[in-house]
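The block underneath contains the structure these notes are about, expressed in structure tokens.
Labels for the chains are A, B and C, by order of writing; each one numbers its residues from 1.
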Amino acid sequence: MFDFLEGYDLLGAFWVTVQLTLLSAAGSLVWGTVLAAMRVGPVPLMRGFGTAYVNFVRNIPLTVIILFTSLGLFQALSISLGGQRFETINFRLAVLGLVAYTAAFVCEAIRSGINTVPVGQAEAARALGLNFTQVLTLVVLPQAFRAVVGPLTNVLIALTKNTTVAAAIGVAEAALLMKEMIENEAQLLLISAVFAFGFVCLTLPTGLILGWVGKKVAVKR
Amino acid sequence: MKLRKVTAASAVVLALALSATACGSDKKDEGSSGGGGKKKITVGIKFDQPGLGQKTPQGYSGFDVDVAKYVAKKLGYNEDQIEWKESKSGDRETMLQRGDVDFIAATYSINAEREKKVDFAGPYLLAHQDVLIRADDDSIKSPADLNSKKLCSVTGSTSAQNVKEKLAPKADLQNYPTYSACLGGLQSKQIDALTTDDSILAGYASQDQFKGKFKLGGFKMTNENYGIGVKKGSDLKDKINKALEQMVADGSWEKAVSINFGPANYKYEQAPKIGDIKS
Amino acid sequence: MSSVLYDAQGPRAKRRNVLYTVVFLLAAAALGWWVFQTLSDKGQLDWEKWKPFFSGSEAWTTYILPGLWNTLIAAALSMVIALPLGAVFGIARLSDHAWIRVPAGVIVEFFRAIPVLILMIFGLALFAEYTNVGSDDRPLYAVVTGLVLYNASVLAEIVRAGILSLPKGQTEAAQAIGLRKTQTMTSILLPQAVTAMLPAIVSQLVVIVKDTALGGAILTFPDLLAAVSPMSSYYGANTIASFTIVALIFVLLNFALTSFASWLERRLRSGKKSTGAVLPPAAVGGTESAGTAA
């Protein structure tokens, strides 16, 4: 029944999807946190930049961003991110695009998390003589992160699904393989079911496990 | 009051939803029984290949378009009775099989696999797979030189597979949705060669912005016999063949070729005989 | 909140901020200059490539506007079909009967777990194989199918959250005056929930508009993004220029929708007649607008 899978590297394609997800998740967590810090920080220009970045990126289709990494960054600006062959270059460009896009949502999630930390915490920290960076990194962010595990999980699940957009610049991930298989094989419903199942397997446990983690680490108030 | 307004609004949304779905089905009916009033003929062409089939602000232009116009005229349709449809490479067989178009003139090479599904009139042009390279790049002298190069083509095209499988298996291949996406990279040296039929490449090379910047490799890697695709078993095939013969005989073919390919300096092959398919 | 994170600035802090500002500006300017230089070196900023968009309306009427129109059609159709469907599933998930609630929940969770692109690719092949939808309409049908399946599930969650956000007193009062369950839902809860949901629904529209671009890039749906291809081949591969213009249109369109959503939210919050329950745009329980492709 599943002999149509022969000759296709199904696991390989999903492995690329997983790699895209994990690398982009790590990248967007870092960049999103930096953006959030800019947005709550004391320097007006950085606040403005953070706000503008988030508003711009959230309103632009990810497809446009991903295509832009290839046509704009790679072709026009010659940025190949150290890759030699298209396989590596496209993969890295896709990660870059996904990070740029996802970070805007991470930033908003973290900002809402910062808002859940009671004002007294920051005031107490300042009374101890901590400066902005110290207040943020030692007192506020650790609590904020524990509060936003839920929203960040949603972002992560969305990111997992968004990696399919990398197909637009030819990264050999799951959606591209599905398209190829549908064009060459007859079992449309079966192929679709396999890929749907693959994504359910990736997203559902993420939601369940991180949901549990979120409850576990939440700050009781 | 306000609540009631909102309820009314949601009712409107619901009604819209229903009418929209209704509209959808209406449209479908129209499609299948289309052409009831004035006589029309539907022709599939490419929309984004300068020199062959290109959508322009003034309408459609290119060699395929001119051939299609001539053929349609011989079949008894004036220019204003032609309905142009975009037929992307991957869609062509399906469009013919389902009767979405009457015939297709869209860089459609005749081959055995396609002939199983559709019929071909012609050929009306003999093209060859070739590469487009930068004018100052003399490192690519034969197809084998492509092995160490970055190559660009479009997703699902046979030219790309051909290079990958036979001519230069080690070439690094990038697939974009369209050929024009490759051109920027070719210009900025991120891509070394763009491969597809020479007729298509010539169209790009002859655009004002690129004059003198790109050149054809001149490798003639394959023979591509452009035919006009019709539905399997259609009686249009013979009529179109006759029209194509006339087109060559009365000089219109020569004229169309020189208008569309002349500026590109494309050394096109002489008009092929009907049914003479070079492999 | 942000202001409690740092002290009122003294002279040293002010100087430091000025320094940061200058460094940031310089870095941004350097990056901008480099981008400008590289682009103009490669001829991407030549007036030739940008001219079509600023002199004459040809580029707009031939390529961009028809594309934009298709984008809007697909988005509107998807929203209009997904909304009632989402309402049905949202209400079904609140049902007292497990045999309604559980299947509805499974369906909603299933379609939320799958990428829209996968749904679209499936839809395209499905229509080609099992229906007689013409090749012209097939991409539109596929795009709308994918968007409806996904967004109906998201809207179902929005509806559910909207209904749950209403004070419990509403249901209790309705029961007290003897309304039946259906009556409570249709004449008490749903009308108020719609008000509460409006901002979230409008911002979901942004998500839908963004997702139509997937159809343009991968499914040959002739939307705004797909207009780049014939346009840039006609105007001599002005890919960067065409791309920038199209991206800007997307941003402006979505920015208008986002602003409308937050205006709506503010207005509804300040209104006195409603119960005051308003779902903020893009932050409904598990259905954040981040929870979306593209």
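The rule is simple: contacts are C-beta pairs under 8 Å (C-beta built on N, C-alpha and C of every residue); 3 or more make two chains touch, one makes a residue touch a chain.
Everything quoted here is computed from the prediction, not taken from an experiment.
Enquirer: What chain is the most remote from subunit A, judged by the mean position of CA atoms in each chain?
Expert: Most distant chain from subunit A: B.
Enquirer: Give the chain pair, either A-C or B-C, that is connected by more C-beta contacts.
Expert: Top pair by contacting C-beta pairs is A-C.
Enquirer: How many angstrom lie between the centres of subunit A and subunit B, each centre taken as the mean Cα position?
Expert: A distance of 38 Å separates the two centres.
Enquirer: If you average the Cα atoms of subunit B and of subunit C to get two centres, how far apart are those centres in Å?
Expert: Each chain's C-alpha centroid was found; their separation is 34 Å.
Enquirer: Counting only Cα atoms for the centres, state how far subunit A is from subunit C in Å.
Expert: That pair's centroid distance is 17 Å.
Enquirer: At which residue positions does subunit B touch at least two other chains?
Expert: Touching at least two other chains: 177, 181, 184, 188.
Enquirer: Which positions in subunit C touch two or more other chains at once?
Expert: Those would be 42, 44, 217-218, 239-240.
Enquirer: For subunit A, write out the residues touching at least two other chains, lowest number first.
Expert: Counting only residues that touch two or more other chains, subunit A contributes 71, 75-76, 78, 168.
Enquirer: Would you pull the subunit A residues touching subunit C in the complex into a rising list?
Expert: 39-46, 49, 55-56, 58-64, 67-68, 71-72, 75-78, 102, 105, 108-109, 112, 114-115, 117, 119, 122-123, 126, 131-132, 135-136, 140, 150-151, 154-155, 157-158, 161-165, 167-168, 174-175, 178-179, 182, 188, 192, 195-196, 199-200, 203-204
Enquirer: In the complex of these two chains, what residues of subunit C are touching subunit A?
Expert: 1-2, 4-7, 9, 13, 17, 20-21, 24-25, 28, 35, 38-39, 42, 44, 109-110, 113-118, 121-122, 125-126, 129, 206, 209-214, 216-218, 225, 239-240, 243, 246-247, 250-251, 254-255, 258, 283, 286-294
Enquirer: Which positions of subunit C touch subunit B when the two form their complex?
Expert: 42-44, 46, 48-49, 58-59, 61-63, 76-77, 80-81, 83-84, 128, 132-137, 190-192, 194-195, 217-218, 220, 222, 229-230, 232-240, 271, 273-274
Enquirer: Could you list, by residue number, the parts of subunit B that touch subunit C in their complex?
Expert: Residues in contact with subunit C: 1-4, 6-7, 9-10, 13-14, 16-17, 20-21, 24, 27-28, 31-32, 47-50, 54-57, 85-88, 91, 94-95, 98, 100, 177-181, 183-184, 187-188, 204, 207-210.
Enquirer: If you look only at subunit B, which of its residues touch subunit A in the complex?
Expert: Of all residues in subunit B, those touching subunit A are 90, 150, 155-156, 172-177, 181, 184-185, 188-191.
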